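Same chain, two partners: chain A is paired with chain B first, then with chain C.
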Partner chain A sequence: MISSILVYGLVNSVILALIAIGFSLTFGISGVANFAYGALYLLSGYLTWMLLKYAGLPLALAVPTTIAIVGLLGFLIYWIILLRVRGIVLSEVIATFALGVGMLEFFRWKGFVTYEFTLPYFKKGMMLIAGVPVDYQRLFIIGIGLALVLFLYFFTHHTRIGWSFRGIAQNERTAISLGIESDWTAALSLAFGSAMAAVAAISILPLGIISINMGYDVLLIAVAVGIVGGLESVPGILVASLILGYAQIITSMYLSAEWMMVVYLAAIVLVLAIKPSGLFGKFKELEERV
Partner chain B sequence: MGTTGTKKSLWGRVFLFSLSLALLFGGSVYAAGGSPIVFGVPTALGSIEGRDGWMAIQMAVEEINAKGGVLIGKERRPLKAYSIDTREHEPGIPVHDALTAVEKLVLEKKPHAIVLGAFRSEILMASMDLISKYRLPYICSIAMTPAYQKKIVQQYDKYKYCFRNCLNAIYLVKYLQGVMGFLNEQFGFNKTYLIVQDTLWARATAGGLEKWYEANNWEIAGLDAYPLGASDFSASLIKVRAKKAQVMVPIFDMPQSGILLKQARAMKIPALLCGFISPVAPGDAWEVFEGEVEGMVNFLFEIGPIPVKAVPQSVAFNKNFGKRWGEKARLQLSGHGPGPSYDAVYIMADAITRAGSLDPDAIVSALEKTDMKGVVGRIRFAKDHQVVYGFDPKEAALGIAFQWRRADLRVPVFPEMVAEGKMQLPPYMK
Partner chain C sequence: MTVRYRKERLDRGIKARCEDMFALSSYREMLYLLLPRVLPVVALLTFPLLKGVVGLYWEKVLVITCAIGLLALSWDLMASVGLVSLGQALFFGAGAYLTGFLNNSLGWPCFLTIPCGTVGGALFCTFLLLPVLRLRGVYFAIVTLTLPLLLTRFIEASKILGGNQGLSALSPLPNIWFEIYVPVLAVLVCLFGFRRLINEDYGLVLQGIRDNDLAVMSGAINIYKFKAQAVFIGGVAGAFAGAFMTHYYQFVGMPAFALDYSILPLTCAVLGGVGAFAGPTLGAFILVPLSEALRAFGTLRVVFYSAILIICIVGLPEGIFHYIQRKYHQFERMVEVG
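What follows is the complex of A and B.
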């Protein structure tokens, strides 16, 4: 049982990290809490399904097409909607949340509610790790999660756009004074965050079924992981994912699967009560010390 | 200008006159037979069970109207059905919202009776007072909790309007017990693991099965309940494998549950899946789940979606459903609800005819005396207003267990009286 907890805890942690990292990236750079994130995740799933089923594209082509389209959509969300309310936090939340609910309910209205919406495994089969059966898709998820973190590190430390991301994230006014275009960078952060939602969806959804309520669940997961780790901190997201991922698996193994969702909610309440900025967050750190 | 205006006015009058004539003497289905008898259908139209049930009801209504409508005394009156989507199958929909939808339908469409009804047992139980308040004869064809019958028996005068013609959890347990006994005899299996959804009917089914397992010396390796919407079952599958369970009994009607099968196959769990996974019942499940359904023994709560030769009405229903809604819809028929929903229209229409009026109490009395042959077999209500299910369709209504063999082959394997093949171990267990 211990080896099962170790292996599946890791898989679960990577799944949480994949889900939360796009949300965190956008928030960390632009300060926008993209509450349409769950809907973008779900849209990616349906879009891939349609490209496979109706357009007859191979998976290798459907995947980059979906990522590109959803990334572009994120970019447009900023320029069309968020640009007008940028800086008014409540309006940003309301605008993105309304957009997200609108997208999710649109899918419900169009009948995307049955069991037939599933994505194929990248590769069927399984292998034993320390005597624990793990299907290849979960191994792919671990690989993709690691690759994404490495990519993010490389991108933010060795490219001009990455530098501008970090500049805006550290101090927007100083960054602007150095010639970094704030809105352009924020729009790109929305695009990157949305594209990451697509990467997460395409990797994780083959394990389950694409259903509307998942859009809401994904948002809850992203927010929960962000709150525990620190919304704007990528290392915080990784640590929080490990904590929550293992806590969930231990809960399901020793209590019951129905308690898994409670782990998120308990973690949110606990962290907000003890350290509102999250484990690695800095936004309210000074206020907390005072 | 003036002339054109006059011409327009003249043509306008001619049009209005023609329209009036058409409305007065035209071919309205209601014109010849008086005002229609209205059936309300408040259910979860987004679920496959609700969707198919509603389609089956429309089919039955069309058939009855094509024969002239429902006979009341000496007059034939047309039938009309109105649906409303309660969305109760979705996670997070409050009971109150679903009840509001039911009451909206009752107040706006003023139905004489309700058919199909609640999808979720929780909504069914909460609807009973509403049904009683409006004195509406009500036949439930999806929700399955046995608590419904208990309440009817306990407060008959208040809840006498409530009936159910689909399988309930008690009968499902009986069928499951039969299959488990067969698996024990045939393959020597005696170790099981239950994975169920956290809803009233599924919990009740699991509870009933647990008692039977204990009484018959089976070892229960575990029981896990998953909330609505859950789609990762790996925690349970790991335990099934670790504890070497031979039979895995899933009991689910949520759309996400189909993936349990895919996950079990991906993790190569060496246990026979035998229970109810709603998305695995339709004929297109083989394609949807990429052949991973092979070998699974799934229940069809009521026959019809799979025709059973011993019940000709089930064969006719299946064929006619395909003609009315297309081959794809026929292939996608869910394993619970369509047959009883279709029958419910005929049961209610028959009761109205025998009652000779639309008086709710008279209809209830007539419903209690129902004895007819329908899609699901012989239909009779017990004293608790539940249709009796059994193993012989000449004596009772029928549910079956079938096994997936090939892309186009679902073989009824239980009850033995109507079985069209023998249960086999799936390739991964041989």
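What follows is the complex of A and C.
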């Protein structure tokens, strides 16, 4: 019992972190809350599925193609829509929200809701960890989650684009005066966030059937983890996913699986009501949230 | 060397005469002021009388339009304090479930349940939002987006209030005139009431909070009190829509918190024009009949609302109402740029 809570709680936490990191990256850099995130996540799932089924690509080729296409789409969303309403928070939120809802309901209308929509495991089979059976896909998820966090750290600390990301996030005006293009960086941040949604989708979706409502759930998860941890801090996200991940598994063990979503939602409302900056968010508290 | 022009806008003479001098000297001037206000009211009040001509179906559409219009009005009132909501379904659902509960469990008649559901639902939402009223912009939007979902999941998981099935077989409304005229009157009362409210001193404080809350705070005004009151007033309008529709459908269930009741009022407000209450109402009267006409397309309608939202946000940020108002009051001409 205890060991299965520990193992599955960890897997669940990594899943949450994987989902949340793209949303949080975009928000931390450009201040755009990408409410189309859940839709992009699902889109990556369907795109991979279609590439595998109709184009007949092998998985190793379909995955990078999907990530590239979804990343490009994120870039275009900024360049075509958000650039025109930049700085008007209300319009940004409504535009991305509408885009997300529109995409999800379009999928629903096209009938992407049946049982045939599943992605393949990277590798079938399972192994025992501390007496608990865990399949390889879940281990891959843990590996990918760790790799992504490490990649993000090195990317933002050791590359030019990463530096400009951090520059814009810390102080936009100073960054502009040093020759960093604000719009270009923000568009790239949206592209990166979307590409991460694709990575998360491709590694997590094989665990179940792709369903439309998952798009809304993913958005909620991303928001919940981001809010609890503080929307702009990577350590905050990791801690928050651990807290929420374990809280969820424990809830589903002792109450029932239906209460799992209530955990997130209650966490969002509680944290925003008590400590709006999140557990680890430090700056931006005064002028933006309260 | 090409000659370049720019567009110049000037107030019409009749506007200056009617609005600045307060001495109306002809029927034309009186009509100029009265027509835009009286015409929609008369049209709304006579439409139910044409029941035999337009058919019962479109009278039903009118009722739904009024419900969505009320939600859009409540959205606009909250937006004029700077509280941008992505979840008007919260108010709708709260009013609907409370009314359903009072009718189903306690057996109260609808003359009691609708007022109680309206006030009780609005109070419930106000208390629920009280701790998060200090949040701004995106953060308030996130909370309002999650609250209806939270309540849905809560009802689903705890199986109270009928759980997944909802409460059905509620008592119907007394007669068809009541059914049609009550929502129409409610929309008119809210529309003109809110317009009056926002132009009073009270409304100026609300708008001040939206524009610069720190400045209002430094005027020794408790902004949270005003925000809570605004949420309550908006909540009454939204919860009334829910309370009324519960008896209208004789059913309340999960769909009361559905995304439709959040995104449709928002689309109406953005399409019609934010900030002047007439805009969201106009938006509702354009969008809801249109969406009824498109009922055959199923969920594609939501895609269609989303497309309208994006196009309006990017291309027509002022909204239809402000556009029409400008054309009515001003004329445009091209002037040579020297």
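What we mean here is this: the second predicted complex is superposed on the first by the 282 of 290 C-alpha atoms of A that agree within 3 Å, B and C clash if a C-alpha of one lies under 4 Å from a C-alpha of the other, contacts with A are read in each partner's own complex, and residues count from 1 in each chain.
As a convention for this text, a contact is a pair of C-beta atoms (placed from the backbone, for glycine too) under 8 Å apart; a residue touches a chain by one contact, two chains touch by 3 or more.
Here the structure is a predicted model, which means the values were calculated and not measured.
Shared-chain residue A:50: touches no atom of chain B or chain C. By the touch criterion stated above, A:258 is placed in contact with chain B and with chain C alike. Residue contacts after overlaying the shared chain place A:76 against neither chain B nor chain C. Touch criterion met: A:102 reaches chain C, while chain B stays clear of it.
By the touch criterion stated above, A:84 is placed in contact with chain C alone, chain B being left untouched. Once chain A of one complex is fitted onto chain A of the other, the partner contacts of A:152 are absent, as it touches neither chain B nor chain C. Once the two complexes are laid over each other on the shared chain, residue contacts for A:132 go to chain B alone; chain C is not touched. Chain A residues 108, 216, 256, 258, 261 lie at the interface with chain B in one structure and with chain C in the other.
Listing the residues of chain C that touch chain A in their complex gives 79, 84, 86, 131-132, 134-139, 141-143, 145-147, 149-150, 153-154, 156-157, 259, 263, 266-267, 270, 297-300, 302-303, 305-307, 309-310, 313-314, 317.
By the touch criterion given at the top, residues 46-48, 90-92, 198, 224-227, 229-236, 238-239, 241-242, 255-259, 262-263, 266-269, 278-279, 284-285, 288-290 of chain B touch chain A in their complex.
By the touch criterion stated above, chain A contacts chain C in their complex at residues 33, 81, 84-85, 89-91, 93-95, 97-99, 101-102, 105-106, 108-109, 216, 220, 223-224, 227, 255-256, 258-259, 261-262, 265-266, 268-269, 272-274, 276, 288-290. Within the complex, the chain A residues that touch chain B are 1, 4, 8, 11, 108, 111, 113-116, 118, 120-121, 124-126, 132-137, 207-209, 211-214, 216-217, 249, 252-253, 256-258, 260-261.
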